[in-house]
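Dropping a structure here in structure tokens format, bear with me for questions.
Chain lettering (A, B, C, D and E) follows the sequence in which the chains are written, and residue indices restart at 1 in each chain.
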Amino acid sequence: MLVADRIDLHYGAAQALWGVSLTAEPGKVTCVLGRNGVGKSSLLRGIVGHHPISGGSLSWEGEDLGSLPPFERARRGIAYVPQGREIFPLLTVRENLLTGFAALPRAQRSLPDTLFELFPVLDAMMDRRGGDLSGGQQQQLAIARALVTRPRLLILDEPTEGIQPSIIKDIGNAIRFLRASGGMAHPAGRAVPGIRARARGQRVGARPGARGGVGDPRGDLAVDLERHMAV
Amino acid sequence: MARAMPLGLGRSGIAFLVIVAAAGVLVPFLNLATPVDSPWHVPTTTVVLFGKYLCFALLALSIDLVWGYCGILSLGHGAFFALGGYAMGMHLMREIGSRGVYGNPVLPDFMVFLNWKELPWYWYGFDQFWFAAIMALLVPGALAFVFGAFAFRSRVTGVYLSIITQAMTFALMLAFFRNDMGLGGNNGLTDFKDVLGFDLQQNATRCGLFALSAAALAAGFLVCRAIVSSKLGKVLVAVRDAESRTRFIGYRVEHFKLFVFTVSAMMAGLAGALYVPQVGIINPGEFAPANSIEAVIWVAVGGRGTLVGAALGARGRQRRQELVHRGASRALAVRARRAVHFRHAVPAEGAARPGRYPPRQAPGAAGGDAGPARNGR
Amino acid sequence: QETIKVGILHSLSGTMAISETTLKDVMLMLIEQQNAKGGLLGKKLEAVVVDPASNWPLFAEKARELIAGEKVAAVFGCWTSVSRKSVLPVFEELNSLLFYPVQYEGEESQRNVFYTGAAPNQQAIPAVDYLRDVEGVTRWVLAGTDYVYPRTTNKILETYLKDSGVPAEDIMINYTPFGHSDWQTIVAEIKKFGSAGKKTAVVSTINGDANVPFYKELANQGIKAEDIPVVAFSVGEEELAGIDTGPLVGHLAAWNYFMSVEAPENAEFIKAWQAFTKNDKRVSNDPMEAHYIGFNMWVKAVEKAGTIDPDAVIDAIVGVAVPNLTGGYSAMMPNHHITKPVLIGEIQGNGQFDVVWKTSGLVVGDEWSDFLPDSKPLIADWRKPMSCGNFNTVTGKCGGKGT
Amino acid sequence: MATGPSLGTVLRRGLVAFALLMGLALPVAADTDSLSARITALATGDFATKEAIIVELAATGDAAAVPALRALGDGDLQIRKADRKVIIAVRDGNRLTAVDPVTGADLGAVESGALERIRVNNNLRRALRAAVGSLTLLSKDVTVRRLAAESVFKSLDPTALETLDQAIQVETDERVRRLMVQARAAAILQTDRPEAEKLEAVAIIADRGDQDARGVLSAVAASSEGEVKDKALASIALIEQSLAMWEAGQNIWYGISLGSVLLLAAIGLAITFGVMGVINMAHGEMVMIGAYVTFAVQEVIRTSAPWLFDASLLIALPLAFLTAGAVGVAIERGIIRWLYGRPLETLLATWGLSLVLQQAVRSIFGPSNREVGAPSWMSGAFELGGLTLTYGRAWIIVFAIMVFALLVVVLKRTAFGLQMRAVTQNRRMASSMGIRTTWVDAMTFGLGSGIAGIAGVALSQIDNVSPNLGQSYIIDSFMVVVFGGVGNLWGTLVGALTLGVVNKFLEPYAGAVLGKILVLVFIILFIQKRPRGMFALKGRAVES
Amino acid sequence: MTELVNSLLYLDGVTVSFDGFRALNNLSMVVARGEMRAIIGPNGAGKTTMMDVITGKTRPDKGDVLFDGSHDLTKLDEAAIAELGIGRKFQRPTVFDSHTVLDNILLALKGPRGVFASLFARLTGDERDRIDTVLATIRLTDRRHELAGRLSHGQKQWLEIGMLLAQDPALLLVDEPAAGMTDAETAETAALLRRIAETHSVVVVEHDMTFVRDLGVRVTVLHEGSVLAEGSLDQVSADDRVIEVYLGR
């Protein structure tokens, strides 16, 4: 279980998160919703350790994540699909996937079979450089790369951006499948069409200048929420 | 707020100009008008030294213009500086006339003893000061223009550009080392007597050159200021940030780059032309890639993209070099000191002044006056 | 207590540190020895060391600092010609003394400078004479680094050789850049040039660091001194210390001093030097001897003049003779160059030179070469009333051509 | 060291004795008395006198003189000051033993101070070579005979003709025999034998077809007339033709060898700069550190384990890698890691560092060059057709290729290589994939530096070992990496070789200085054509 | 031929391959003056590549690309094409990080692009107004002085749209404008584009079918580098092949 308690986060002098709390339980999908610039990505960056949090606490499976470097978090089963893909442009697709092995014990170092069922295009392009892929292909690669680490907590920031509708459906199915097969929590960025209808979980909100918190969606954030959940 | 300033000067800019102007007036005055033993007296050594720094500052400024504002890391700016210096040196050489050791009225001494029969064509005209002065700007400018026109059109960028500028200055260094070049080979041009009829060994001349250098620095600063605070300056920063994006909104990146590169080269040439009469020698060593790198480093120390910083950085340079060298040679020195009681003829405060590193932390935390923040690209 | 300051202007960092640092140490030793003898004019000497860091303009700056700031009585320093050229105007303007200890291309005589190293006629010409007369060389390779000293020297040698009847096709001139490190092609060319059925030799004015790879390549390509001897003017004991000399035995160098010379003064000097540096393997070399001579001349001249005033010393020093390290005396001539013996040494397996030939007497340094047309009529004489560095004997005027 | 004669001494003494025995076993009776009288006479007299004695000794044909002559050439023939007796000094480490030059008898240990060397000059060396050559033509050892034949060929000494004839009669080894025939022909050309014989000799020499042959023939052409001269001239023309052909091959070899030096110097930079993107101005100093490690290793070996000398480089390799690598790791941990993504500050820091390292080395080892010797397997040259290839260069080529191959394997085939590339492309994201970025960064920089260090071991063989060593390679290294294409190892390989070959083909025509300038201009122009180097990466991947 | 005359953008037989892989395969398409066209298609169909070809970033191996009937875009470089009046929003937002939001717009603002023109340029009142309008449209007015590098992903997306508006080109190429926007914003964007399309030609690429439906324009479906189907959204979404490769069942 991931517990974030009253997290603050600063970019230089500017504060982006104001005491945000969140809990992500195993086997559930947790969504973080909000409009542009509200701090969704910042929260996820704080969780994976890409940006230091400046206040509050963060624990995973009872362990305080504190100031653990990102790779330690990855080795504890937290995988991250960032906004903007951030694949390794000069590595081939295969090599991009293989980087995930670093987080695994030697015995588990193999590519999950489901990977290519989910993203057949990657299979066809194993030896193409990641940076040469189209935007949507890169996004698929980013998700696949995170899955290689066999995470127990998968963090997706706007995961379906740029992906074609048919695959978004598959991803939705896959995530539900993974959740059902146990042990995975999925805080995701704002829900996107594919998962939107099916996302059932805790709702977390944050907004600039105001305290955000679990189950405390207020103001413009609430409007968003309603719209999202209305489908 | 770190946005580029409108055509005004900004506080640090004005302060800088005031300091330069004050130095340009005061230093010569205190050197010439006060008696040697007065506490107010500025020794000639200092005038020469500071005059040199002013020239370096102008060079640093020119580099900052292309690097700080346009992202062109030129490791060959020393070449433009040296070319300007050679243009002036050639004039000073011609000024010697028949006062050379062989008394040849036309040929400089080094040509006489290497048996040259007549003056090579490229020396023509340099007996005129105005010609040399124009050449000091024109030759570096033309080289930069041609070099830049090729490189920028071919979209040579980043380290590739840096390294070919380095190749350029290295090639020029080797060429100028060649005695066949007719420019004095390794020894370069020396033994200057006077400029425009003023004896170079007179303090008044030195002070004049000092004031001139200060004026050139101030003028250079204003030119740079005008460029970077215009819309052109914004385009330059845009090029630095995302070159191809700038193209897609319709700017011909290569023209902009070429423009600043050429202007910058001419400024470096001017710096060189002022430098040579003050230090009394120009030789191919000035083309050495290390010199250019050093010059770039003054900019780093002063703060990239802050014109004032660049100019100030140049001052710290010599100190730092001495520090580095001495730091490690202390062991030697201690051994020697035990043998004879001698002391280093360096100011005691030499050890106290570290270079000014701009402490930049997390992205976004930077700021500074005129310095656009840099995001690792 | 008041002291007399002596400036030491040698690069302790940068590319020239490799050669110049030693000279600084020698000066410190000489000053210490002089102080042990009671100093000069009843005062202790004090060394003021500055580091011009192999940067030519910095030489001028540091020189000014020494003379104007530190008020030193004399400066010992410089190695490269360009550093000397850079400081010349400063010494002239501030009227001070510079002792310059390195062999150089000549073509200069300045009132404030004393040239204690060799002029071309004290090194290059005797070496060529030796090769021609003793080894029977008839074909010549003049190989040098492309800068003024080799250019001038080779110009002089070329004229000299041609005057003595060597046809142009038997002279090959080759220049390389500073720090040249890949000698394969050039050594092969030399080998080829040398296989024309005539006895061939290489006269090397290759400078500094380039020598080590040059000799290593010579050794590797198996050029033996018996076949094509190389005589060098810039390779001394210090340089050899960096090379395995086994395969180079027999190659030559021309100097005015070798560490291996057997003379009581030399033995004493080496002993003192090795004690001073606390290293019994430290070698001595020619420029060190030059400083030794120069320093002693200055001391003697100051004693003679009774003052450190530069003008008085300049007047007093001409004619002063002091022992050199090869068992004779060297004297300061009116042209501010000194008299020296010329020695030819062969490289030995132990990194030393074995003197195989020596001029019968002392050779006077010739500031204006007789083998350059424009220099031929010039002479220098700093004694009053002439007091001129470039007196034209044809026109009878001071100042070159004296238009 | 233990006292008593060491193994080396025993061996050497044995060698002398053996040589003497061989000499004595020859058919010519030894006139010991006149021999030792002559040898003693070598101690006095000037160079001309000594030369005369050597010629006399050679003329006697008495091979017993050989050890003494050899010792004279090697500077081991010395005078014992106490009794002015001429002895051969056999050195082992710091011990000297005197051996009788004629009998080979052990005369006991001596102090080097008690001896005075008999001086030789180049003329004497030449005479000695000729003398020893003609005296050993009949030796039992094939190698000795071969060397003798070669010496005689070089000395063009007509007095050796008689012995040569004799030797050719009994020679069994075909190669040596041919050499002897050639030596005989060369000698004949110095005599005034009949033209027919001379013509035949010219033909024999012309057959040899190398530079030495050209030398001999040129001399003949200059000194003779008529048919001999014509034939000689014709042969020279032929030889020159074939030499010119070989010259192209020779240039390629030089080019590759220069290229491999460039490759070695640049290859570490291909990692720190090419892969990591750090403008590493201290790279050259890593090379220098490697060279100094070699020096240190040889120094230790020289003083305490001389028999290991031939292995010194092999020992130095891992040490240089570790030392330079450790320095690299320290630099990365201490400085570079704070500066990722800030090229200018990195440039500043590493440049300052390079000065500090230089000065540090200057303080520790002194400013002057240090001697690094070549192990025997790296000295000398061998012939391949008309090419003269030096062992040192050949090994460096092999070595450079090996290092390169190793690096390619590490980078492309190992998990570490993959992590290294991932980290340098996106440090944060790599960390989120579970890669220990800090460790990988340090190791990568360490690897680059370590490789530079082992390059230093190789470069110590051909260049100065001085604090400035690194400076002379840094610019070239950057050129190579950039020319080949940053981030592409194969580019570095091909770039280095191309620049090497181009340089070596230009050099004979343009001269070394202009050649170098032209190469730089070539690079500048080339970059205009291919703005991202020879092996440019293309496509979107590069732009993002 | 009439097609050519009436068209603003004319692609014919365009082929682009990367190391043998055909990203565009004999693609032909015409966009008329004042038309808005939506382009959909599976990931890797070549949509972005097509925009690269039009804007001069990628040179086609063969085929013609004509603008306004007479300008051969394959012969021009990026800046020249931009000056002809073709503006582009990238799939991945790219803005000038170390410029403020305001300066980003200012740089994109329509006007002379020469070196000396820029050196002596002064901001007129008109231009100021236009900038304000654009800023209001993209709702970044209160962050106008902030560095663009400090914006969130979605805000950069908006800023890029703003730059495109400021540039005011004749033809707008918009690559995935709705990615990372909320539904409300998505709808607004669609409205904005419809408004623009009244006076400009627009080519939009999107994967969000709701958005495409909102646009209500002719849709071209690309697949493996060539046109698979063309027509209204309802028409193409009924196409079996489109469902097969793109929409999914």
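Keep this in mind: a contact is a pair of C-beta atoms (placed from the backbone, for glycine too) under 8 Å apart; a residue touches a chain by one contact, two chains touch by 3 or more.
Just so you know, these numbers come straight off a predicted model, no measurement behind them.
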**OP:** Determine, using the mean of C-alpha atoms as each chain's centre, which chain is farthest from chain B.
**Re:** A
Original post:
Which chain is in the middle, if each chain's centre is the mean of its C-alpha atoms?
Top reply: B
Subject >> Far-end chain from chain D, centres as C-alpha averages >> reply: E
Original post:
Which whole number of Å gives the spacing of the CA centres of chain C and chain E?
Top reply: 74
**OP:** State, to the nearest whole Å, the distance from the C-alpha centre of chain C to the C-alpha centre of chain D.
**Re:** 30
**OP:** List the centre-to-centre spacing of chain A and chain B in whole Å, with centres computed as mean CA coordinates.
**Re:** 52
Subject >> Where chain B and chain E are represented by their mean Cα positions, the distance between them in whole Å >> reply: 46
Original post:
Among the residues of chain E, which are close enough to touch at least two other chains?
Top reply: 18, 92, 150
Original post:
Going by the touch rule set out above, which residues of chain C reach two or more other chains?
Top reply: 13, 21, 146, 175, 177
Subject >> Residue numbers of chain D (touch at least two other chains) >> reply: 355, 358-359, 362, 471, 513, 516, 539, 543-544
Subject >> chain D-facing residues of chain A, complex >> reply: 48-50, 69-71, 73-75, 79-80, 82, 86-91, 95, 98-104, 129-132, 145, 149
Subject >> Residues of chain B touching chain D in the complex >> reply: 67, 73, 147, 150-151, 154-157, 159-160, 162-164, 166-168, 170-171, 174-175, 177-178, 244, 289-290, 293-294, 296-297, 299-301, 304, 320-321, 324-325, 327-332, 357, 360, 374, 376-377
Original post:
Which positions of chain C touch chain B when the two form their complex?
Top reply: 12-14, 21, 24-25, 28-29, 31-32, 35, 46-51, 53, 55-58, 60-61, 64-66, 68-70, 80-82, 85-86, 88-90, 92-93, 107-108, 146-148, 151-152, 155, 175, 177-178, 276, 372-375, 378, 389-390, 392, 399-403
Original post:
In the complex formed with chain A, which residues of chain D make contact?
Top reply: 415, 418-419, 421-422, 425-426, 428-438, 487, 537, 539-544
Subject >> Of chain B, residues touching chain E in the complex >> reply: 1-4, 227, 230-232, 234-235, 237-238, 240-242, 244-253, 255-256, 259, 363-364, 372-375, 377
